[in-house]
């Protein structure tokens, strides 16, 4: 197995380009068999939501996602791993978060991307505030217990290194 | 829940554009929360492989992938599902197959994409022949038992409709 | 009534043609019967169908088991296990 | 030695400032001690830290449990459960 890859982690206000991130990971090489991407988008909640405002903890956001990504690289035989999380005001239909995982085999790419998303949800220091279309502040989004449970399922899981 | 989506299935010799396929699925709407893509690429097998030649069963390829996609749409609450499989000669580093799954929630998108890939591998009528860099014909790729096992795990799995 | 047989990958290469129309003799009721009969038609068929268990079959473009009846099939395809994706 | 406290989301809004430097009194050894002491500093703190169990804490930009010792912390952040991703 080649040396563990160094994950790419970016926290930014600007949008990202999924195809460009895949290209950066795969271009100039022919040893990657599978690329899984996850894009998280801002939903309009049936027209109720005007925008999400994403607050984050600068410094720790990069560090914490970096720690999660480093664990993913340890657990699965990856050839590339990228995580990008936006902050600031995000309108419905826009991108919030992107994960790209590349591997020789598909299950490793699927599992690593899924793992990264579960941990991002429950450990990355970001907070969402809703702004409603009627002009009111919708308040801070409550954390979901389901997200903590989703993250905890990886504690027992034995990674498949196939 | 909205009406079940009609999956997009394409069998083609040309390459595909992941970003364009995501855009087709998400543009003009703001109710999608998660998009998972899987791209399968041709590996060069450490320089041994010059190209893969993908033979397929025209007509049945579309029909069979359509049946698998229709089952995915039944099992998970999806907002969009696309499967594109290339045929013909494919060089290392090039795309072979693309799956895009969109849902309000991330697990549905991950699981549907994973399910579709497992079934594509074991049921879609495509056959890979290897051409080696030394000019020799590498012969037909053997089916992997692991792929049949991967597909069979969905027979017991209870889909999470969260 | 003639039936169209279609071959793919190494089944096609070994039989030496991509497809053919055949008149099935009486008594060929299932896919397994068909494979047994085909195998007796010459050494190219014998070579292609040497291990009938690994041969996958589709009737009218749908996967079927070897015990499936073939009555009414317009198109029967024989091929190795799939390796797409 | 003063310690920088940083607040996020509704913890920040309720306390009414994004950060402050404080001199921790003697006897404040753990995160739980800190939360108890802060809560006594006025009604904005009382409001923010009413249910200490839900408050998440990072020391020097790493998540910690409430039982963690805070000796040597340059930067302690208090915030609600995360809702990113």
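Which chain is which? They are A, B, C and D, in the order written, and residues in each are numbered from 1.
By definition in this document, a residue touches a chain if its C-beta (ideal position, glycine included) is under 8 Å from a C-beta of that chain, and two chains touch if they have at least 3 such contacts.
Not measured: the values here are computed from a predicted model.
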Chain whose Cα centroid lies at the greatest distance from that of chain B: D
Intercentroid distance (Cα basis), chain D paired with chain A, Å: 27
Distance from chain D to chain B - Cα centre to Cα centre, in angstrom: 48
Residues of chain A engaged with two or more neighbouring chains: 40, 117
Pairwise chain contacts under the document criterion: A-B, A-D, B-C
In the complex, chain C residues that touch chain B: 6, 8-10, 58, 61-63, 77, 79-85
Interfacial residue positions of chain A with respect to chain D in the complex: 40, 54-57, 59-60, 63-64, 85, 96-97, 117, 120-129, 139-143, 147
Contact footprint of chain A on chain B as seen in their complex: 17-19, 22, 26, 29-44, 46, 92-93, 104, 106-107, 109-110, 113-114, 117, 146, 150, 162
